[in-house]
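In C-alpha cells below, several structures.
Okay, so chain A shows up in both of these, paired with chain B first and chain C after.
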Partner chain A sequence: MEVWRPSVGIERLRALTGANVASHSAFSSCVVSAPVVPWHKAVTDRLEQLLKLSKGWDGYDGVAVRFENATFAIKVLELVFPGHGPIPQIVPGATGDLQIEWHMDQADIEIHVLGPYRVQAWRATAATGRDGEEVRLTNDFAIVARWINEMLEPRRAAHTTAA
Partner chain B sequence: MPLTLPPLDPNGQVLPHDHEGIGSDDGVIRRISEQQIVQDKSGNRRISSMAFKASGGDNSGMSVDLESLIVEAGKDPRLYVTTPRWTGSVRFTAGKLRAAKFLVGYDPSPENPCHGEVWGAFGRLQQRQLRNLATWFVEIPGVAIVAE
Partner chain C sequence: MMPISTIRSDDLPDFENPPLNEVVVGVQFAPPQAYQLIRAGEVWRLFASEFPHVEEHPPIMPAFELFGGPPGPPISLGINVQGALHNRLWFLSPDRDQIIQFQPDRLLHNWRKSLSPSNEYPRFESMIARFEKELTTLEQYFMSLSGERLLCNQCEISYINHIPMTGGDLPNRAGAWLRFLNFGEPEPDDLSGVIRRVVRSESGAPVGRLNCEFVMDTRSLGGLVLTLSIRGAPAGADIATAIDFLKRGRQLLCVEFAAVTTDMAHKIWGRVR
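Up next is the complex of A and B:
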C-alpha cells in the first residue's frame, strides 16, 4: 500500500501552530513501500536461488535461470495471480528457462517461461482430462488469469462460508 | 563396441538421429536434479514435467547417458551418473523409447563421452509415456516418478 509521508513532523507542527500537538491523525506516519503480496518474497527468494545455479546443476550442461526470464516471470505473476493463494513452485530448465507450477485439487497449472514473451501455459482439470490444454502466449495472459481464478474459486467460497 | 560418430549440421551440432549402434535393450539414463522435484496436490514429492522436456537449444533433445558406453568404458553406471555432482536418475530402455516414437542418439562431449540425446515430441502425452517407461536408477528417496 503506498501512503504519502509528510515532510513536517510533530515537533515542527508544534512550532508552526503553537499548539500542544501530541499527534495528529492527518500526520500519522506511514511508509512508502513496495506492494505487499503474500507470495512475492517466497517467489523472489526462490528465483534468487535459481539465478545462482552453477553450470551443470542438472548433471548435464544446465545453466542458471536467466535474469530476464526471472523478471518476466515476476511480471506475469503480478498480472495473473491475485494477492492471496498458494505459493507457486518454480522449477529451472536447462537453458535458463523456468516453469511456474501449481498442483491443487482443482487444477494443475504450469507456466513455462522459455524467454520474455515466449510462454507455454498448460492446465489440467477434471474437465480437460489429465493431458489438459496448452496454449502458447506472448504478452496476453488473460487465459492464465482465468485459469488461476478458476483454480482458486473453491478456496474463496470455502473461506466465505467459514466466515 | 564404440559408436560411430553422429551426423552433424554445418555448425557442428549433432543432428537429431536414431543411432543404430544403440541396441533395443540398451539402458538410457536420465539424470534428475533435486531442483526438478515438486509437490503434488497431496503434498507428495514427484518429478516435475520439466525433467521430461527437451532443452531449449538448437536441435534440442533431452540429455541422457548411454549405459552401454559407460559399461564398455569399464565404469560403474551408478557412480558415473552421480559424478561430479550427485543427482538422482531414471532409466529407460532404448527399444521402449523408440516404440514411443522417440529417437535415441549419440551426442558425446569432452565432459561426457557417454552423452546421448532423446529427440521427439515432448507434449503431455509423450511426457506421460516417458514417466510410465521410467524406473528409478539412482532413486531420490520419497520421490515418485508418476503423479498419484
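Up next is the complex of A and C:
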C-alpha cells in the first residue's frame, strides 16, 4: 500500500532551520484546544471585577484598578507562575495599583504593581525572617520566578511522595 | 535638545531597491486621566491638515515585553469594561500611504507602499523626525487638558518586507532569500515561523525583544513576507528617550535584515553598503 507522507515533515523543518517553524494552519480544525491553566479564569475574573470598582470603593477616594496595570500584572503572572499552584489573592490599591499575594506556610510573596514596569516585590521565608527581602523591578522578573519556584517546591515534593 | 539628523548613518547596510512594504514606529503610554472618548475629534484636528481621512479600527491591547522566565500560555482580559479602551483611529494622508494611529494609550505612524509612483519610502530619518513632532503635538494637547505629560512605557518599530518569488527569473526557493533556510528537495509549498531574541544593553540587562517572522506562500502571497520588529521599554518615560529607543532599534533591524537575507537577494535589491 502506498504510504502517504508530507513533502517536508515538520520535524525535518525544525532540524533544517533550527527555527521555531510552525506548520501552516491547514490541519488546525482537528486540533483540540490546549488545556486551560487552572488559575487563568479565577485571576481574570478577579481582575475584571477590580477594573469595575466604583470611585470611593474604599470609603475614601479610591479608584478602580487601571487597565494597563491589570494587563501588566497578567503578563507578570504568565511569566513567573506555573500552570499549577495556589491561586494568588489580588488586592486593589487606592490609586489604580494592585498587589498579587501568596501566603503559604513556607513563604509569603507580594508583587505590588504600581504601574507598567514599576513593581515592588517582597517575600518572607524562614531564611529571610519576618522583615523579608524586597526588590524593585522593571522588566526582568527572574527573581520572582525563583521565589515562586522555591515556594512551590515543598508542594511538588509532597505530591511526588504521595504518588 | 539636539536637532535630529535626517542623514542616514554611514555604517548601516543600505539598498537601492529594498523589498520594503511597510514601516511602523509606535509608542505606548499611560492613558492620560483627563482624556475622554468625546475628545477624539480634538486629537484628529491636531493632525487633520496633513491627515484628512479617518477610519475606525478595533483597539490594540496593551503590550509589554517582560523577561525572566519562559512565557506561559497567553491570557487576555476582556475589554468589555467600561472605559477600558476605545477604538483605534486611523488618520490617513491624502494618498493613504502615511497613517497616524491613535488610541488613548498609543500613537503610531505607518508608512506603507502604494501603487502611486510617487510613493517612495521617506527613509527612517525623516519618518522618525516627523513622529517625534507628532508625539510632541499630542503631549502638548494632553498637557492643555490637565498638565499631564506623556509617560511612555513601550516602544515598537517594525519593518515589513514583501519578497516576490514568482515571475521573471526570480528563484522560488525560500533558501535563496533567507540565509537560515535550506530545505533541499522538495521545497515546502508554504511555511511560517518566528525567531525571537532578547536585546540587551551594554550591561547585559534585557531591554527589548527582536522578532523575525516569516511567512512564505507562493500561491496566495506570491513569495515571502519577512517582518522584523523590536519592542521594549524605553530607559525613561519622556519622548526623547522613546525616540532614542526607536533609533537604536532601527539600527539593529537594519543589521538583522542584512544578516538574515542572502547575498543573492542583496544583489537583486542593489546593496550599496
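Simple rule for what comes next: the second predicted complex is superposed on the first by the 128 of 163 C-alpha atoms of A that agree within 3 Å, B and C clash if a C-alpha of one lies under 4 Å from a C-alpha of the other, contacts with A are read in each partner's own complex, and residues count from 1 in each chain.
Here is the rule we use: a contact is a pair of C-beta atoms (placed from the backbone, for glycine too) under 8 Å apart; a residue touches a chain by one contact, two chains touch by 3 or more.
A quick note: this is a predicted structure, and the numbers were derived from the prediction, not measured.
> Tell me which partner A:139 touches in the superposition: chain B (first), chain C (second), both or neither.
second
> Between chain B (first) and chain C (second), which, if any, makes contact with A:101: first, second, both or neither?
In the superposed model, A:101 contacts chain B only, not chain C.
> Chain A residues in contact: does chain B have more, or chain C?
Higher number of touched chain A residues: C.
> Taking the superposition on A as described, I'd like to know which of chain B and chain C A:153 touches: first, second, both or neither.
neither
> State whether A:44 touches chain B only (first), chain C only (second), both chains, or neither.
Touch status of A:44: second partner only.
> Tell me which partner A:114 touches in the superposition: chain B (first), chain C (second), both or neither.
A:114: touches chain B, not chain C.
> So in the complex, which bits of chain A are touching chain B?
It is residues 50, 53, 56-62, 89, 91-97, 99, 101, 103-105, 108, 110, 112, 114, 122, 124, 130-132, 134 of chain A that touch chain B.
> Where on chain C does chain A make contact in their complex?
30-31, 61-62, 64-78, 81-82, 84-85, 105, 153-154, 180-184, 186-196, 205-207, 217, 232-233
> Would you mind writing out the residues of chain B in touch with chain A in their complex?
31, 33, 35-36, 38-41, 48-50, 53, 55-57, 63, 81, 84-85, 87, 89, 109, 111-112, 115, 123-125, 128, 147
> Taking the complex as given, what residues does chain A use to touch chain C?
Touch list, chain A to chain C: 7-8, 13, 16-22, 24, 34, 37, 40, 43-44, 47-48, 51-52, 66-68, 70-72, 74-83, 115-117, 138-145.
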